[in-house]
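To keep things simple, chains are lettered A, B, C, D and E as they appear, and every chain counts its residues starting from 1.
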Amino acid sequence: MSTTKTTERVKQILSWYGSDNPGVLTNLARMLNHGTLGGTGKMVILPVDQGFEHGPTRSFAPNPPGYDPDYHYQLAIDAGCNAYAAPLGFLDAGAARFAGQVPTILKLNNSDSLAKMEPCPAVTGSVKDALRLGCAAIGFTIYPGSSARNTMYDEIRELILEAREHGLPTVIWSYPRGSGLAKEGEQAIDVTAYAAQIACQLGAHVVKVKPPKDVVYQDEAKKVFEKFNIPTKTLADRVRHVVQSSFNGRRIVIFSGGEAKDTQSVLAEVKEIAAGGGFGSIMGRNAFQRPRAEALQLLADVMKIYHS
Amino acid sequence: MSTTKTTERVKQILSWYGSDNPGVLTNLARMLNHGTLGGTGKMVILPVDQGFEHGPTRSFAPNPPGYDPDYHYQLAIDAGCNAYAAPLGFLDAGAARFAGQVPTILKLNNSDSLAKMEPCPAVTGSVKDALRLGCAAIGFTIYPGSSARNTMYDEIRELILEAREHGLPTVIWSYPRGSGLAKEGEQAIDVTAYAAQIACQLGAHVVKVKPPKDVVYQDEAKKVFEKFNIPTKTLADRVRHVVQSSFNGRRIVIFSGGEAKDTQSVLAEVKEIAAGGGFGSIMGRNAFQRPRAEALQLLADVMKIYHS
Amino acid sequence: MSTTKTTERVKQILSWYGSDNPGVLTNLARMLNHGTLGGTGKMVILPVDQGFEHGPTRSFAPNPPGYDPDYHYQLAIDAGCNAYAAPLGFLDAGAARFAGQVPTILKLNNSDSLAKMEPCPAVTGSVKDALRLGCAAIGFTIYPGSSARNTMYDEIRELILEAREHGLPTVIWSYPRGSGLAKEGEQAIDVTAYAAQIACQLGAHVVKVKPPKDVVYQDEAKKVFEKFNIPTKTLADRVRHVVQSSFNGRRIVIFSGGEAKDTQSVLAEVKEIAAGGGFGSIMGRNAFQRPRAEALQLLADVMKIYHS
Amino acid sequence: MSTTKTTERVKQILSWYGSDNPGVLTNLARMLNHGTLGGTGKMVILPVDQGFEHGPTRSFAPNPPGYDPDYHYQLAIDAGCNAYAAPLGFLDAGAARFAGQVPTILKLNNSDSLAKMEPCPAVTGSVKDALRLGCAAIGFTIYPGSSARNTMYDEIRELILEAREHGLPTVIWSYPRGSGLAKEGEQAIDVTAYAAQIACQLGAHVVKVKPPKDVVYQDEAKKVFEKFNIPTKTLADRVRHVVQSSFNGRRIVIFSGGEAKDTQSVLAEVKEIAAGGGFGSIMGRNAFQRPRAEALQLLADVMKIYHS
Amino acid sequence: MSTTKTTERVKQILSWYGSDNPGVLTNLARMLNHGTLGGTGKMVILPVDQGFEHGPTRSFAPNPPGYDPDYHYQLAIDAGCNAYAAPLGFLDAGAARFAGQVPTILKLNNSDSLAKMEPCPAVTGSVKDALRLGCAAIGFTIYPGSSARNTMYDEIRELILEAREHGLPTVIWSYPRGSGLAKEGEQAIDVTAYAAQIACQLGAHVVKVKPPKDVVYQDEAKKVFEKFNIPTKTLADRVRHVVQSSFNGRRIVIFSGGEAKDTQSVLAEVKEIAAGGGFGSIMGRNAFQRPRAEALQLLADVMKIYHS
């Protein structure tokens, strides 16, 4: 039953994007006002790009109905997610049937894990596709730390400009990775905060990062964390720093869940994210690799945490 | 009530850019006529690109209100700076709210310090963005000395041409760096003068370099400095040579402040720059990493030096 | 030393244009912040298109220095006008010399009075010219009442869109005229209010109309004016109705002075416009056809009325 | 051996075009510096568009060598004209052979006299052609007074913009004609001054009009001519008024010779044009319809008048 | 008063470029007809790209007025050079002021000597810039022998094509250099002749090489020089071979002067170049590093040699 009134909180969030045209604001509002969390200023998004990124078997064998693109549309709708994000093929497969039932985000670049190269996704869709499919936003992944970062930044610069002109906001997945970074640096708190900042500076409307770990990776950063006693012990602490690093909380920052894990761990992590002021979660494998009923229950529990 | 009159000095400066269209001249005048130094022909610019270049924690932890993009807009306005320069995200965050209150410069390329690569920033904004955001100029960084210099020079060639056609002048940050240069060469007087010349030859309307040190780096240059007794002992001497190397003082050359340091050192340096005929300062970390009241005081003192 | 601060009133006015990008707001602010009335939210603009519209002799013989395009630039600057509006040739002739000294408006369409045809100006400049010349806005005339109105509305639709994308606001001169209207209807209060509404609906940021007369022209309108007792007796009454008809006062509406007349009449009219809540005057022949000293005095007196 | 020095007079003339790029100035200088009158600021141009406008027989039968396009190139060169103007075909026929020997002006629109229609020439060449042919300018005819004037003004708006971007100035032939004007109005002094003004406002760098007659055509103009005692008795008087109407003499205005007539009449007219401050003559039929030796003599005599 | 007549010799030279459009021929003629050597078919060009290539101090300290871009424009004009060649910044700085006084060549690629890389200049200007600045030609450097030669050949292929379409000829600086060549090979006669041939085959209208030395570098070439007794002893011999290698003398080949040296050496070298049939000299450091009076004298003496 929709008696969707745009709440004061949503109006406040939209006010942070005052340089954008009303089309961009409208599409942000479509996501913020939709689903169980509609109006709260919090978001839970279902992303399903693993078929492209990790291959179908690794992605969908644990819960075979997920081979079917309709499954994910229906899951996002039934779970009351704010939006469903996927590459061109998955959206194309269901966009007509599910038109108007859940806001969608077209992920415009994707990497497969067959080629071995410095991390740099291919652009696999366009703003025109996003319009054609009725999407509420475009999505894009950057890998700060990759020596191919200039290619990605060049691409997103042009895509954001084009999307904006057509009234579409941009969600940036910012995942530090590549020859500039050791493995342990990828989720370090300083690096994650930096990755969020880069996405914001590139013009992202919504930023997605991984939950940061209690590690400070860069030497120059270490000195600063110590000198100013920036707390990093709990995930809530670290999320708070990432949110601050995202224009002092004036950009929407959401956190991915990463690999599939047990329900308790997922909920514990979400509680910390919520406590630290995170705007929500983007939860893929932890949702669609569970049997449908479990997934719906988990997503309901996650939303309850953000709602309280 | 506003009574900005374009002074004879500003008219003289504009006369150096006689091949440019009136749009470019108008936007140069917007910066030269604005703020405390308006009309003097001197400029103090607030640049805040460190969130992108060094990461948010290193940049903003010393003075946490700086995590908020509005903070810098307001600082530039209240300090009476001629202009405020930042990457796309920071300008986007405040451009509507602060429209018309301070001329802005959109920095069109930026490097993060996560990737390890031969110095070469990514292009992260466009001339269209600068127009959409109401900017008075575009900004661009080149790294002479980098083996990737041709990429940067190619990019700025096209951006200057496009900006010029749309009435926007260009500010070039010229920072020698890369595999062609040892660390001690980066701020050598011969190298800095050369960097300024390159920026001018590329078509920059305003050039920003670092204050040069009393070192001559290139062997061929050493012979010439000795043979012609070119004085390099004081910073004022060296600034004078850089200004001369910028088309005999017919291009606006301003000097960056570099790392944060104590107030005495900053003011001493500015006095030398002013004595050597420098056109002003671009002062980032020394401004926004201080508490606001101190920053306003420092900027006022700096402007007083240029004004006298 | 310049100390232009954007006032609360200017911020309020800019807030009415929230769907526009910061470039448009910045250029509106350039005009609102400039000159004697800078910051008051009132505007006095010098328009000189009569050379094209009525011919040079009729326009400039009364005060021959006006044959020279520089004369008008200097008059607008010295009088402290918010802006100077003219066709391509006049702006081209002085834009480089006077760069940065007064905001300019490029009038993009103009009619000469040699051809006999249904009123429809020719488009004689482009948005590219406005950018090249450093203008703060484009100007355009529509003739509601002309059977050629669709041509004009089509042209301005495309020009507003292009100007907006490039950060330029639009001033529409809305002058009812043509085979649809008898002479006495052209300045009728119902027709003038209608003309203002049309300009606003076409997307104008600033609307210019003629001071309406105490005549209601359209039969259907007459009934409504009578039924609701809409006062039209004084010019202030009528200006109030035009301002109300311009989105309840949320678009800037200014009034032209029409043919040259004696100083007392001009000032009396301006007092009424100010009393009725008009945002200002656009005063051409009454300014430039007087000797310079008289024109400066008149414009100063007009600005004093708006300021008080 | 060539020793063309740009004179102070030419520098002064170029200074009137300060909003133009150096390419436009360079091509203006090419014409102003060329030929017998090179450096004087005066111009005599040979135009040969009558083959298109009046047909070949009427044009060339009086002096049959003129059927050959080379004839006119050679005439312009040998006579020391500042430039030679013609439609695409005539220039194409000789441009390679005579490259570098005389500046050329590509007339971009032309009317034939076979069709009966409201005066409106066809566009018969492009800016690309002008560059390909090495021209120093484009030429364009407008007919103020024609009900098709908007078509012509639209066309020239776009051509001037394109020419300017490519460094080419524009010469406008401004000939009042069409259903808005009776025959006796076409060369009236008020109408001619108006036609010159329109060309200047459209952005012309050089304006060509017909020598005005001692008639004031428009009623409103008559009052003004009388009230301000504007002298119109001699051609010199009238030329003076046209020059004044061309931005107070800050645009180059030249006068056509019209129909072929006897030598005495031509020279008498030129003396008046020179006395009134006209910048020169554009002389077609009076040149190429005479035998070559006579034509050379006449042009030499004309140039002598402008030179003295 | 100017009386430039295109001579038979210039017409003959232009006839070699029969596939080019009249715009290219016109601009070649502009250079061939200008200055002291105008009409002789010989050329002396002033090139000033050393500020970019070697740095400002090394270039201008020997004669400090040369820091000022206007100095070189004035030197080229006063010396009666056929043309002045420089990068974007230097031309931009004076193009409006000196419009029409000397043909200019925009050097479209330039190298700085800070980066260490296989020789490959950056493209630092465009054909649009050349048109905007009113240039008579574009200039471009290739380094045959560099492993990056394909990049340069690709770039010049596109630039020549674009320049040609817009009526501009191309001057190629052909300097063998790079990992394919030992130092002593760079000015060998076989290599210089080869470099000239490559420039001609790429479509150059004017070729600039260094004066070749009496060395044959390539083994295969040595056999041929010996077998056919090709004389290489005097510079005149070698110049003759280079001219022959430039399409049997049907392309304009001029010779650079290299490092500054004493007057006697310069004049002796020029005499040999003239004796060998060279078309002229391009003389930078030997001109602008001398005091102005000496430079003017030297250039006059050089021109006298070519003229006799």
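Operating definition for what follows: a contact is a pair of C-beta atoms (placed from the backbone, for glycine too) under 8 Å apart; a residue touches a chain by one contact, two chains touch by 3 or more.
What you see is a predicted model, and the numbers here were worked out from it, not measured in a lab.
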Q. So which chains are sitting against chain C and chain E at once?
A. B, D
Q) Farthest from chain D in C-alpha centre terms, which chain would that be? A) A
Q) Where the CA atoms of chain B average out and where those of chain D average out, how many Å apart are those spots? A) 49
Q: Determine the centre-to-centre distance between chain B and chain C, using the mean Cα coordinates as centres, and give it in whole Å.
A: 39
Q. Between chain B and chain E, what is the separation of their C-alpha centroids in Å?
A. 36
Q.
For chain B, give me the residues that contact two or more of the other chains.
A. 18-19, 21-22, 95-96, 128, 132-133, 165
Q.
Which category does the touching pattern between chains fall into here: line, ring, star, complete, or other?
A. other
Q. Which of the chains are touching one another, listed as pairs?
A. A-B, A-C, B-C, B-D, B-E, C-D, D-E
Q) Which bits of chain C are touching chain B when the two form their complex? A) 1-6, 10, 14, 18, 21-30, 32-40, 80, 95-96, 99-101, 128, 131-135, 165-167
Q: Using the touch rule from the top, collect the residues of chain E that touch chain B in their complex.
A: 51-52, 54-58, 60-62, 64, 67-69, 87-97, 110, 112-117, 120-126, 128-129, 132-133
Q. Which part of chain D faces chain C closely enough to touch in the complex?
A. 16, 18-20, 144-147, 149-150, 153-154, 157-158, 161, 176, 178-181, 190-191, 193-198, 200-204, 218, 220-221, 224-225, 227-228, 230, 241, 244-245, 247-248, 250-251
Q.
Residue numbers of chain C touching chain A in their complex, please.
A. 18-19, 21-22, 165
